[in-house]
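Chain nomenclature is as follows: A, B and C, assigned in order of appearance, with residue numbering initiated at 1 for each chain independently.
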Amino acid sequence: MRGFVRQLLTIAGKDLRLELRSRERLVSMMTFAVLVAVVFSFSLDPGVEARTVAGAMLWVTILFAGMLGLGRSFALEREQDAMMGILLAPLDRGALFLGKLIANLALLLATEVAVFVVFALFFQLSYWKTLGSVILVVVLASVGFMILGTLFSAMAAGTRLGETLLPVLILPLLMPVVIYAASSTQRLIVGRPFAEVAGSVRVLVVFDLIFLIVSILLFGAVVEE
Amino acid sequence: MREEARLSPPGVIQPTAAVAAVGVEKWYGVYPALRGVDFEISSGDFVTIFGPNGAGKTTLLRLLAGALRPTRGEIRLGGAPLDYDEPAWRARIGVLSHQTFLYGQLTAAENLRFYGRLYGLAKLDGLIERRLAEVGLWDRRDDRARGFSRGMQQRLALARTLLHDPELVLLDEPYTGLDAHAARMLRRVLEQLKDGNRTVVLVTHNLAEGLELADRVVVQVAGRWVSDEPRSAIDAVEFEQLYTARVGGAE
Amino acid sequence: MNDVVESQESTRRWAVILSAISGLSVLATFWLIFFYVPTEREMGIVQRIYYVHVPSAWVAFLAFGIVALCSLVYLWIRDDRLDAIALSSAELGLVFTTIVLITGPLWGKIAWGVWWVWDARLSLTLLLWFIYVGYFMLRGATENPERGKRFAAILGIVGAVDIPLIHVSVLWFRSQHPQPVVLRAEGPTADPEIVKTLLFSFLTFTIVFFALLLLRYGLERLQRRVDAATFRAATRSSSINSQGAVR
């Protein structure tokens, strides 16, 4: 068990260290997210109150920025076939999956901070009253997003189409996350109490747990040859 | 072709060979990369497998490394069939390929530390120092691998391969892209591997490099072993003629 | 080799038998739909599309269940036949999902007054259709066929686990956002003729599905044998030194 944790932290630490050096993914995800916010502000009719559609805008932005990052998730491993080196090590495939998941999740959460700040500035949103609940919803939905994202980006990396295939594969599967995350975020932004989104939060937890287990079990079949 | 392989039986068969293949086939869909290979390699042997491109040499090496699963048959390490769900035996194998498995953005020491942690090695700092010194890269430990020449990268990859002191070392065209100096350096380290305890399998299509250190010489063509002889029974010049005739000068 | 031929013979035999039964069954269903069952009072003639629409949806989900089951066992024992069944079933699933998505709006236009509403079941079917499309794109984009089979199996399993969650979420979404529904499909007063026709239609579609599945499966197996034989013939006729293409 200690070996398992050490291995997954080694993988996650390596990914994050590399990302801190190059900042490729983080910069492209954040730039993209801010640009989407700009696009939204110019494409929304001035008569529409942004607050009433903020949940949808935020999650559309997060989904696509996240997918942009996932597309590069396994790029570093391809360069000198480091994935082969990792697979040759006495490493539990579940630890490899969790390590990758943690690194991807950290990047997404960092991007989400930027997304929420920028949207607050551009659309005069305020999350202070329900900040704790908003964070809870965003983290749970992001975990679900990245669980399927990590699993499928590993598969997409092994195909001819690469990252272009990723949205086609995971968007239909992510619909529960989208529905509950967007509606909960929307409600919390307009100041509704947490009790109103408690049911959604429960489903998100169920989604995360189910796919965490399924993905850990299936990941071996993704990376094996 | 099967009969030919029998004409030259492998050396003394030990009760538990270091590594063995039993009826191993590997198919990629309808394409057979390996069409049935049976062998045992004794502990301490240095075996070279020659073959033209597409003979399935890399496939065989990756099967031995446990990176691929055979379509049929099984690979045995120290007598026990490989259990792909149980990772422990992977620590007994080291692989050096023409791809380095390294991260360009990590320094030499960081690359080794990363792999050392994956292998769960104790006293990692001292070990890294020793291995880097062995391949002459201790002075460059804090430089990123991307800036290294091809030869230095391959030396670092060699340090990575031997980091966890594997009993079975698998080499896949390790000389590819090396200049004369780097190749000499690599040869010197490989020579040290022949200490009687370590089993080495080298896969190459370069005759001179392959014959140099080998105890046993195998020729693989189109996914089958077509000859298998002790090095002592081979005359280098004659072998070259035979090999060239057999593979039709494919190189 | 004889075993293979024999099992293919029996696959073909069963496929022919089932096809014959399904042919008769389809004729009977047509008779029921167009002559036997009375026109539904509220929705009129368009309601008859129901007898195609609902059984197609059932078969589409049945197909996906078979894909998931075969995928799971395939990852376990790696029997190529299971992959062939999963692939055949997924193709039929895509066909029947498409039928649902075409017949649904045709009926919805009359029943609801609009071509498309985000009705829970219609949304679920649409997402299922996308998952099927992804399944084939994934297979098609994978150069190593073994890897393609593995990846497709993983998508089949994840999709099957996800479908109930998608269902729950779209139901919930609907309950939060009431649609301008003109008429509800399930009237409390269904004539016994309607129920009988619908049940028979379910049976017919199920038989048709299994007949097609067997035919498609037999074809897939044959295709894989032909591929293998073609490759063997090609390599035998060429000399050893041109085997560079093997990998």
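Going forward, a residue touches a chain if its C-beta (ideal position, glycine included) is under 8 Å from a C-beta of that chain, and two chains touch if they have at least 3 such contacts.
Please read these numbers as outputs of a predicted model, since none were measured by experiment.
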Pairwise touch network: line, ring, star, complete, or other: complete
Chain whose mean Cα position lies farthest from chain A: B
Distance-to-centre winner among chains (Cα means, whole assembly as reference): A
Centre-to-centre distance between chain C and chain B (centres being mean Cα positions), rounded to whole Å: 47
Rounded Å distance between chain A and chain C, as computed from the means of their C-alpha atoms: 32
Distance between chain centroids, defined by C-alpha means - chain A, chain B (Å): 40
Numbers and ranges of chain A residues touching at least 2 other chains: 224-225
Contacting residues of chain C [partner chain B, same complex]: 144-146, 224, 227-228, 230-231, 235, 239-241, 243-247
Interface residues, chain A side, partner chain B - complex: 3, 6-7, 10-11, 14, 17-18, 21-22, 76, 79-82, 84-92, 220, 224-225
Residue numbers on chain A that touch chain C, as the complex places them: 148, 151, 155, 158-161, 165, 168-169, 171-173, 175-176, 179-180, 183, 199, 203, 206-207, 210-211, 214-215, 218, 221-222, 224-225
Of chain B, residues touching chain C in the complex: 27-33, 52-56, 58-59, 221-223, 246-250
Interface residues, chain C side, partner chain A - complex: 75, 127-128, 130-131, 133-134, 137-138, 141-143, 147, 150-151, 153-155, 157-159, 161-162, 165-166, 168-170, 172-173, 176
